[in-house]
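Below is one structure, written out as structure tokens; the observations come after it.
Per-chain numbering from 1; labels A, B and C assigned in written order.
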Amino acid sequence: MSPWLLGPVQASVALLLAPGLVGAVRWMKARLQNRRGSPPWQPYLELRKLFAKEVVVSNNASWLFRAAPFIVFGSTVAVTLLVPLLAVPLPFDGAGDLVVVVYLLLLGTFFLALAGLDPGSSFGGMGASREMTVAALAEPTMALAIFALAWGAGSTNLGQIAFRTLATPSEALAPGHLLAFAAIFVVTLAETGRLPVDNPATHLELTMIHEAMVLEYSGRYLALLEWAAALKLLIFFTLLGNLFVPWGVAVTLTPGALLWAVFTLALKLGALGGAVALVETHIAKLRLFRVPELLSASFILALLAVTASFLL
Amino acid sequence: MSVPFLTLLLPPLLAAAGALVLPPRRRAAGALHAALGLVPLLAALRLAALVLDGWTPTWGPTDLFRVDALSALLAGCVTFVAALVALLGPGFGREEHYTPSQVRRFRVFASLFAFTMLVAVTANNVGVMWIAIEATTIASAVIVPLTVSKASVEASWKYILIGSVGIALAFVGTVLGYFDFVTLVGRREYALNWTVLMANARVLHPPVIELAFVFILIGYGTKAGLAPMHTWLPDAHSEAPSALSAMMSGVLLAVALYAIVRWRAVVNAAVGPVFSDRLLIGLGLLSLGIAALSLVIQRQYKRLLAYSSIEHTGLMCLGLALGPLGVFAAMLHLVNHMLAKSMMFFLSGRILDRYGSPEISRVSGLLRVMPWTGGLFAAGMIALLGLPPFGMFLSKFTLVRAGFAGGQGWLMAAVLALLAVAFVSLLAHLNRMLYGAAPTGVRQGEGGGWGVVPLVACAAALVVLGLAVPAPVMELLERIVEIAGR
Amino acid sequence: MSPHLVSQLSVGGATLVLLAGLMMLWRRGVEAHIKAFTAQSVALAATTAMVGWFAGDWQLWAVAALLLLIKGIGIPILLQRMARRFGTERELEPYVNTATSLLVGGLLVLLAYVVTKPLVSVSQLPTRTGMPLAMGLVFVSLFVIISRKKALTQVLGFLMLENGIALLAVLGAHGIPIIVEIGVFLDVLLGFIVMQVFVYQIHETFESIDVEQLNRLRE
């Protein structure tokens, strides 16, 4: 198979799996809390419903309000082309490395925050400012943590990093790697709006961060934003899984290897989803002024990861 | 060779044990304590004589204890002040404000304090030296709050915390020095011996030994009262009982300085004198400056004396950075300061007993109320100011001369200016205390019997050192300059 | 044990020790601090044992056992007793808030890395890779001592400082001579006991262990 075909294949696999991932996490959380919970494919049904619904836009909204869902969705899909989802090395490696990934994600966050401010509702503004507080601390942590891995691999290219860990398996347990894993795990919780930073299932506006920004959206716009959020979760899980535990990722582009890659990816996503569900069930949501403390702690972990990689 | 060492180190331990066991109020207990305090002084004099004859007495496995000229001088100072404390400390003679349990606690820990200081100056192993100096912090901190009050508790807490942290940093420096040696030569049992370090100093890695010295200077400098790590000193020395303050100001600072001198010798042998000189000048000048300026605003006479200690430690530090003549001046200054400061603190103890207040403003007419104490206090203050015929004049003059000879003209100008500031403020405070009418309710007349006699002896010694340094002392000081290296 | 593995384990052990130290900056309760110190001492003992195994030095095993006994079990028991007395006094508002403290802690670790560069470059031992982290712990402990307001936290900071120095000695020189090591242990233990007595004294005299109250002696 031509390597350039890998890009669209990766993107479509990600798009297909993402809502299922969110549903699976929700289902596991419900089971842990002794509830039956909605089936894992519920988000697919939700998306179908939303695409069919009418769009209602506030009178005060500008062009930004209509454009933002597309920008967010587009940038997130672009990231799926750059992460080692199914195979390494990636064909788009020349186009983007870890810095591009981090900033594409940040682009999405930025426009989402603007979209929250745009209609002029107070909840949107509140959500936007909170989101920026979280992002300000989470983004450098993310960059540092992956940089710790990049230092060992000798390149900031994500595919290259995964490839390197495949080549020298003992590096997977290096202190720098373990610390970076912990740091990125905390960042995942923060960036994807999970407990203890943000409760995805809350209906109380005063406790919302992500939900508050999309409060004004409806119909297909809301569908796009929800899908983008699910994609973001998938991307972070992919980074956690395939950068730190890269076994299963296809090195050649044969259909067999790719199918195996999809299978192992699904396993890793399931495991990480279970871990997140466990964490969410155990921890209460932090008060907002305590969130910077948590994120500072993860920043320090990332910093230590970098120094540990320097030292060895 | 074990007899001199045993007679030096064993009596303080026995004194501590005795004070623990015997009832403190009995005259016999006090007499035994005083006797056991005098024996180490004789032992130290014997060791000094041996050193002057050309011996270097050692004792213990891997030469754990070793006495050269520097150790002998400091052992003499420590035992002298410890003897004074044994004679004039709480519980011996005089009207006393201390309860028997306080007296017992003081005797036990003051003896342990003396013991640890003696171990510190006679140990050959810099690790054991460190252990002993840390132990001095612990032993002395226990008796700083002898009378529990908010002020004394605060002072003792600051002392033990800052002191222990400083000592820990000195330990970092010690570990780094050991690390350097081990990386070069390999692990040896005697690797931490000062003699071994000096012998191998030339091959030590410069950046590592320099880093080690920075930690050593900051660490032991905290114990010596160098700024900016000095903040514990005025509190601790003013709140402690006077006898303890005498020991702390007189000799503990000197012991910390001894540690710095030892390590400085190693560093200078490794990388040359410029590095340590710069650091010592910086810290010395800062201490001198802060102390001199703080002297102006002091309101309590014991704090005044404490800041004066910081000033003199700064001077000694500066002296160490001014070449061989400077080292000579610094060591002579150490002896003079020991005599003067201990005498002053004992006298301030008597003043506190009589007037009942630590404030300078409450003390007046000292010459009329207690003629001997007042006279000696004035003499001591004049000595601290650096005026002839007392010994400090000679050592300060030599120090300034060393500075000018070494081309440090501007530095000496700054030093002289700061000394002038200290001069004026100390003199002003002294005048306020000596003259004027005695406050009402204060009993007149010297009282206290023979307690003044040892202090007169101190003053006399200061005069002797000021007129003509005795030949044995001179010889010792010259040997020390050789040991301290260039 | 290959040198590379020893290097990795040294960095791993040193990281655990340092992380426990950073816990002191993050968490506020006394119990959390004591748990962090206990974990740190255990990690230190484990690292010492590992280096002892690698170097074939029985003295390090003895040191590790002492560490475990005194700092892993003995001192925490005494600390728990103090915590029961003063545990209700949480470190409410330190001089520097938590997020900033953590960032300063990170900067101090970087500073330690810079400071120990000459040390790492001269040493040949495979355990030298963990030395910057040990120095980082020394700096972080100093920061804890000067930025916290409760006397108990300051005592814990001092104990952690000693842990950091011990780690530095183990990783840099495979431990110091046994005589000195034992002397150091005794010193630290005695120092801790005296400090403990003082904290009780402070509490009796001032009715709290807030060191901000210790401000009567000025200039």
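The rule we apply is simple: a contact is a pair of C-beta atoms (placed from the backbone, for glycine too) under 8 Å apart; a residue touches a chain by one contact, two chains touch by 3 or more.
Remember, predicted model here, so these are calculated numbers, not experimental data.
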>> Based on mean C-alpha positions, I'd like to know which chain lies farthest from chain C.
In response: A
> If you average the C-alpha positions per chain, which one ends up nearest the average over all of them?
Replying inline: C
> Ranked by contacting C-beta pairs, which pair of chains comes out on top?
Replying inline: B-C
>> Report the inter-centroid distance (CA atoms only) between chain A and chain C in whole Å.
In response: 37
> Roughly how many whole angstrom separate the Cα centroids of chain B and chain C?
Replying inline: 31
> How many angstrom lie between the CA centroids of chain A and chain B, rounded to a whole number?
Replying inline: 65
> Once bound in the complex, which stretches of chain C touch chain B?
Replying inline: 115, 118-119, 122-125, 138, 142, 145, 151, 154, 158, 161-162, 165, 168-169, 172-174, 176-177, 179-180, 183-184, 186-187, 190-191, 194-195, 197-198, 201-202, 205-206, 211, 214-217, 219
> So in the complex, which bits of chain B are touching chain C?
Replying inline: 125, 127-128, 130-131, 134-135, 137-138, 141-142, 145, 148-151, 153-158, 160-161, 164-165, 168, 171-172, 175-176, 178-180, 182-183, 187, 189, 191-192, 205, 207-208, 211, 234-235, 238-239, 294, 297-298
> For chain A, which residues count as touching chain C in their complex?
Replying inline: 173-176, 178-179, 292-293, 295-297, 299-301, 303-304, 307-308, 310-312
> Taking the complex as given, what residues does chain C use to touch chain A?
Replying inline: 7-8, 11-12, 15, 18-19, 22, 26, 98-99, 102-103, 105-106, 109-110, 113, 120, 129-130, 132-133
